[in-house]
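In the two assemblies presented below, chain A is common to both, partnered first by chain B and then by chain C.
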Partner chain A sequence: MTYTSYLYFFGFAIIVYVMYLLFPIKHRWKVLLAGSCLFSIILDGFLSLCLFVTAFSSYFCALQLTKMQDDFNSAKKGLSKDEKKELKNKVTKQKKTVVAAAVIISLGILIVLKYTNFFLGTINGISAFFRAGFEIPLVGFVLPLGISYYTLQAIGYVVDTYRGKYRAETNPAKLLLFVSFFPQMTEGPIGRYDKLMPQLEQGHRYNNEDFTAGITLIFWGLFKKLVISDRASYIATDVFSDYNKYGSFVIILAMICYTIQLYTDFSGCIDIMSGTARIFGIRLEPNFRQPFFSKSVGEFWRRWHITLGTWFKDYVFYPVSLSKPFMKLSKASQNHMSKFMASIVPSSCALFVVWLGTGLWHGADIKYVLYGLYYFLIMILGTLFEPVFVKMFSKSKIDRRGRLMNSWAVLRTLLLVNMGMTMFKANTIGDFGAIIWRSFTNFSMNDLMYGTLFERGTDRHDFVVIAIGVIIMFIVAVLKEKGRDPLKSVSTGRIYIKWPVMIGLILAVLVLGAFGPHYGVVDNIYAQF
Partner chain B sequence: MKNKDSENINKAEEKNISEETKKETDEMNENDEGLSGTENKPEKKRSKAFVYAGKFFRGLCFFLILALLLPILTYMFHPKNNTVEDGMKDQNAHGFYAEPANTIDTVIIGNSEAYSSFSPLEMWHSHGMTSYVSAQGAILMSEAYYILKEILKNQTPSVVVFETDVLFPLKSDDTLRDRTLNNVMENEMPLFKYHDNWKIFKMGQFFAPIKYTWQSFSRGQMVDPSTVPLETPELRLEDGKNEEYKNGVISPYIMMYLNKFVDLCREKNIELILVTIPNTLTSSKENHEAVHKYAEEKHIPHIDFGTHPEYANIDWTMDTRDGGVHLNTFGAKKISDYLGNYIKDHYDIPDRRNNKVLAKRWNNDYKKYQGYIRYKLKALEE
Partner chain C sequence: MEELLEILSEVKPGVDFETEKELVDSGILDSMTIIQLVARLTDEYDIEITPMELVPENFNSAEAIYAMIQRLED
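Moving on to the complex of A and B:
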C-alpha cells in the first residue's frame, strides 16, 4: 500500500478521517492509533512486531528515566553538596545504562535486520581476499517499511527524556501512536515528541482552512510524484541499468532526470503525508526548504531531509563532540596545532561520524558509506580551503556575495549534488565511476538527433510534461524563498484564486499523472531505507 | 556555522508554527463560543450558523464544479474508435465493439492462452458458429469480468468460454490486491484508464463522436503459424513454474471476481464453460485440480486439455509457437475443433450460415485467415 495507491486514499485514509470526525474529541487520538497500527500491520505483517517492541521498550526506558530523576530530586533534599554530587553521579550512571538499553534494543533490531548481510558480506570479502577458505551464508531478512524512521524517532524521544527535556509519556498507547503515526511512519519526517505529541493527543475539530490546505498539499505532492517523478523514473532506470549503450548526452540527461525524480519523489511524498496530517489538524515538521537554491553542500543538507540532519546533529554530533575522547582530542589539538587547525580537527572528526552514520542510514552497502563520505569530504575541503578562497577574493576584488558569484555557488552545489545523486543511484561504486567517465568521454548526440532518445520509456510528451512541471516547481520555490508560499495563499486566499488553482491541480494530476493500465507503480525511493 | 544556521532556522520555524497554532486556537475558541453561545447573544449565534451554511454551500459548489468537469474530461480522453490510434488499448480484444448487435453466439475470454488457442474462424468453418475471442495478455480476473460486462451491452451470447490460466498469474497476493483495485477503479472511472490519451490525440479527437468501426478479421485470435517446439516432446504438468507462487490456490482477489463472472453468466442465462489449456509456465496438477474442484462445486462444465491430452492430441513439437507456453495456429485448430463439437453437442447454438449477409463476411474472413496463414508460412520458409 503506497501513499499514492487507491487503497491508501479510498480504502484507508478517508475511512480513518471519517472515523476521526465521528469520535468524541477526547477520544480522537485513539482513532489515529488504531489507524496507525492497522497501517503498520497492512504494510509489514508480522514484522510490525518490531515497531511494537521499539515503542514499548522506549516507553518503559523513558518512564524509568523520569522516575530516576524524580527519585533523585526528592532524595537530594537535605543532602550536603558532596553527597548530592555523589548521588548525581550514581544516578547519571544508572540513567546511562537505561538509555543504552533502549538504544540497544531499538537500534539492535534495525542493525540486525538491515546490516547483517552487509557485515557477513564484508567478512566473506575479507575471507576471499586472504583466501581463508570460508564463506558465511547470507540471511534472508526482510526489512519492515519505516524502521529507519521510527527507530530514530524513538531513540530521540528516550535521549530527550534522559536529558530532562521533557517528562516521559505515562500512557503506552500514546507513545505507540507517537512512534507509529501513519503519515510519517514510512518516510518521515522524523518527528520530535514535544512538538508532535501534544498535537496528536489533542483532538481536532474539522477546520476548513486545515482541510483546504491539506487537500492542496496532497495534490501538490501527487503532482510532484505522479506527474514529474514517475515520468522521469523511466529514463533514469533504463540508462542507469545499462549505461554502456549510451553516449554522454543521454547519460547526463538521465543523471539530471534522476535528481529530479529523487527530489520530486521524496518531497512529493512528504507533501502528501504532511497534507494528510494537516487534514487531521496536525502539522508535521518541514523536511525540505528549496534545497536546490543552496549555495554550498552544507547548506544543501540543511535544506534537504531536514529532520534527518537535525536528528544527527542532536543525537550524534553533539554527544560525540562532548564525549570524553573527543574532549581530549580537542584539548590535544589546541596544544599541538595551529589555531585554525585546532578549530577544524575535532569537529571534523565528529562530522566524520555523522556522515558515516548518514551514509549507512541510507543503506547497507559500501556505496552508501562512500556517498556519506563524499559529502563529508566536500565540506572538509571547503573548510580547509576557506582561508585560500578569502585571500583569493580579497586580492582579485571580486565581490563574493555578488549576484554572479551567488549564481555560480548555486550552480556548483547543483553539480556536486547531482554527482552525489548519481552515486546514490548507480548499482555499484564501479558503475558510478564508469557512468561519470562515459559522461565525459563518450560524446555523442546521436540519440537526440535520431529521436531514439524518446524510446527509453520516457517519450517526447513526457519530457515536455517534466519540463513544464519543473518550471512550475521552480516558480513555486522562488516564491517560497521570497517568503510568499503560494500553496498557503491557495488555502487562505480568495475564491477566485483558490478554486481555479485547486481544480487545476486536481485535474493536472488526473490527466497528466503517470498512472493507469500502462504504468507500473514506482515505489517511493525513500520508503526503502 | 552549520549548527548556528540551522538553529536559527529551527527557531524561526518554531515561531511560525507556534504563531499559526495560536491563531488557530484563538479561532477555535471563537468557534466554540459561537457554538455554545449563550441566550444573550442570539444574533451572533445566527450569524455563525449563516457562516457555516455559507461554508457548506461553497464546499458543495466546489464539488459540483468538479463533478461537472469530470464527465467532460472522461469524454475528452475516451477512445473515439476501437483502434490504438483512437485511444483504445488492446485493439484485438476490443474488436467485438464493431460486430453487429446480437450476432456473436459464443464469447471466449482469457489471457494470451485464449487468443493463441481458440480460432473463431475455424469454428465458423466447421459448424457455422459465430464467436469472438476477447483476450488480453496477462489479463486480470477483474478485467475479464468487466470485459464480459462490456460485451453483454451489445451481444447476447448463449455460451461463454473462460480460459482458466487467468486464475493462476505469476504474482504475489499483495500485487494482485493492488492491481485488482487499480483495475476496478479504472473500469468504474474510465478517466483513470484513458487519461493518457492526450499523448496520441490530435486536436479534433477530443470532442469527436465515439464510433466503433474496426473489425478484427480473425475475431480476436492471434494468428501465428510459426513453430518453436517444446524441448521435451511431452508437456508434463509438474514442469510448470508456478510453485514459487501459489500452487493449487486461487488468490482471494481472483476468486472474488471469478464468482462475479460466474454470477453474471447465471444472471443473463448464459452457459459457462471453463477450459484449461496446458502450458509450461503455470500448469501443475494442483492448479488443474483446483479448477476442477471449483467447476464441480459450481456445476460448471470443465474441459481440461491438460489432464485429458487425448481430447485434442496436441503435438508439442508442432503445435506451439514458443516452446510450450502458447499454442500456434495448428494447435488452436485442434482445440477449436474439439470445442466446436462440444458446444454443438451440448448447447442449442444456431447455424448462422443461413444468414446471407453475415455468412458473406465470415466466409470472406475465413478465406483471408487461410491466406494469411499461407503467407506467413511462406515468409517463414524464406
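Moving on to the complex of A and C:
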C-alpha cells in the first residue's frame, strides 16, 4: 500500500478519520494509535515487530533516565559541592550506559538489516582483491519500510530525555504512537517528541480550516507526485539505464528530469503526509523550504530534507564537535596552526562524520558514501576559499550580495546539486562518471531533430505537462519565498479563491495524473531508505 | 561584553553584533561557526557548553550569548 494508492486515501485514512471524530475527545489518540498499528501491520508484519522493539526499548530506557535524574536530584540535597560533583559524574556515567543501550538496540536493528550485505560485500571484495580464496554468502534480509525514519525519531527522543530537555513518557502506548504515527511512518518528516506528542495526545475537534488546508496539501502533493514526478521518472529512468544510446542534450535533459522527479516525489509525498496529519489537526514539521533558491550547497541542505539535517546537527554534529577528543583537537589546532585553519579544522572533522553518516543513511552502497562526501568536499572547499573570495570581491568592487551575484550563486548551487542528484541516480560510480563525461562530449543535434526522446514511452504531451507543472511550482515557490503562501490562502481565503483553486487542483490530478494503462506505478524514492 | 564582541568579530567578521538579534534564525551563524565560537568561549571563559545549550535562543544575539556564559559560569 502506498500513499498515492486509492486504498490509502479513500479507505484507510477516511475510516481512521471518521472513527477519530466518533470517539470522545480524550480517547481520540487511541484511534490514531490503533490506525498506526494497523497501518504498520498492513504494510509489513516484520515492520511492526521492529517498530515495537524500537518503541518499547526507547520507552524503558527513557523512563530509566528520568528516574535516575529524579534520584540524583533527591540525593544531592545536603551534599557538599565536591560530593555533588562526584555523584553527578557517577550518575552521568550510568545515564550514558542507558542511552548507549537504547541506541544499540534501535540502531542495531537498522544496521543489521540495512548494512549487513554492504559489510559482507566489502569483505568479499577485499578477499577477491587479495585472492584470499573465500567468499561469505550474502544474507536475504528485508528492510522494513520507514525504518531509517522512525529509528532516528526514537533515538532523538531518548537523547533529549538524557539531556533533560523533557521528562520521559510514562504511557508506553503513547510513546508507541509517537514512534509509529502513520502519516509519517514511511518517509518522515522525522518528528521531535516535544512538538509532536502534545498534538497527538490532545484530541482535536473538526476544524474547517485544518480540513481544507489538509485536503489542499494532499492534492498539491498528488499534483507534484502524479502529474510531474511520475512523468519525469520515465525520462530519467530510460536515459540513465541506457545512457550510451544518447547524446549530451538528452543526458542533460534526463539529469534535470531526475532532479525534478526526486524533488516532486519526496516533497509531494511529504505534502500528502502533512496534509493527512493536518486533517486530524496535527501539524508535522516542515521538510522543505524552496531548496532550489539556495545560494550555497550548505543553504540547500538547510532547506532540503530539513528534519534529517537538523537531526544530524543536534544528535551527531554538536555532540561530536563538543566531545573531549574534538575539543582536544581544537586546542591542538590553536597551538599549531594559523588562526584561520585552527578555526575550521575541528568543525570540518565533525562535518566529515555528519556527511559520512548522511551518505550511509541514504543507502548501503559505496555510491551513497561518495554522495555524502561529495557535499562535504564542496562545503569544505567553500570554507577554505572564503578568504580568497572576500579579497577578490573587495578588490574588484563587485557587490557580492547584488542581484547578479545572487543569481549566479543560485545557478551554481543548482548545477552542483544536479550533479549530486546524478550521482544519486546512477547505478554505480562508474556509470556516474560515464554519464557526466557523455554529457560534455557527445553534442549532436540529431537527438533533438529526430525525436530520440520521444521513442521510449514519453511523448511531447508529457514534456509539455512537466514544463507547465514546473512553472506552476516555480510561481508557488516564489510567492512562498516572499511570505505569501498561495496554498494557505486556499484554506483561509474567500470562497471565489478557495473553490476554483481546489477544483483546479483536483481536476489537474485526475486529468493529468500519470496513471492508467499507459503508465506503471512509480514507487516513492525516499520510502526505500 | 566587550570581550565577547571582540571574539564574535574574530569568529565572524563583518557582522554588527551589537544590533543583530537573529544571528541563528537569519543564517548569519551556521552550525560550523557556532562550533568555532563555542571552542573560543570554552577556552576564554573556562566554561563547559553542552549540546543542550546549542539552541537558537542562546545564540541569536550577543546579549543571549552573554547571558548563557554568565549562567554557565555560576
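Criterion: the second predicted complex is superposed on the first by the 528 of 529 C-alpha atoms of A that agree within 3 Å, B and C clash if a C-alpha of one lies under 4 Å from a C-alpha of the other, contacts with A are read in each partner's own complex, and residues count from 1 in each chain.
Quick note on the criterion: a contact is a pair of C-beta atoms (placed from the backbone, for glycine too) under 8 Å apart; a residue touches a chain by one contact, two chains touch by 3 or more.
If you're wondering where the values come from, they're calculated on a predicted model, not measured in any experiment.
Asker: Just chain B (first), just chain C (second), both, or neither: which does A:P319 touch?
Answerer: Only chain C; A:P319 stays clear of chain B.
Asker: Does chain B (first) or chain C (second) touch A:G140, or do both, or does neither?
Answerer: neither
Asker: Once the shared chain is lined up, is A:F515 touching chain B (first), chain C (second), both, or neither of them?
Answerer: Touch status of A:F515: first partner only.
Asker: In the superposed arrangement, does chain B or chain C reach more residues of chain A?
Answerer: In the superposed model, B touches more residues of chain A.
Asker: Would you check which partner chain A:G298 touches, where first means chain B only, second means chain C only, and both and neither mean what they say?
Answerer: Touch partners of A:G298: chain B and chain C.
Asker: First (chain B), second (chain C), both or neither: which does A:N208 touch?
Answerer: In the superposed model, A:N208 contacts chain B only, not chain C.
Asker: Looking at A:K165 after the superposition, I want to know if it touches chain B, chain C, both of them or none. Which is it: first, second, both, neither?
Answerer: After superposition on chain A, A:K165 lies in contact with chain C alone.
Asker: Would you sort A:G11 into first (chain B), second (chain C), both or neither based on which partner it touches?
Answerer: first
Asker: If I apply the document's touch criterion, which positions on chain A are contacted by chain B in one structure and by chain C in the other?
Answerer: Comparing the two interfaces on chain A, one with chain B and one with chain C, the shared residues are 298-299, 302, 313, 317.
Asker: Considering only the defined contacts, which chain B positions touch chain A in the complex?
Answerer: So the residues of chain B in touch with chain A come to 1-3, 5-6, 9-10, 13, 17, 20-21, 24, 27-28, 31, 55, 58-59, 62, 65-66, 69, 73, 77, 89, 177-178, 181-183, 185-186, 191-196, 198-199.
Asker: What residues of chain A sit close enough to touch chain B in their complex?
Answerer: Those in contact with chain B are residues 1, 5-7, 10-11, 195, 205, 207-210, 283, 286, 289, 298-299, 302, 306, 309-310, 313, 317, 459, 461, 495, 499, 502-503, 506-507, 510-513, 515-519, 521.
Asker: Please name which positions on chain C make contact with chain A in the complex.
Answerer: Interface residues on chain C, with respect to chain A: 10-11, 27, 30-32, 35-36, 38-39, 42-43, 49-52, 54.
Asker: Would you pull the chain A residues touching chain C in the complex into a rising list?
Answerer: Residues 163-165, 298-299, 302, 313-314, 317-319, 321-322, 327, 330-331, 334, 339, 343-344, 346-348, 350-351, 383.
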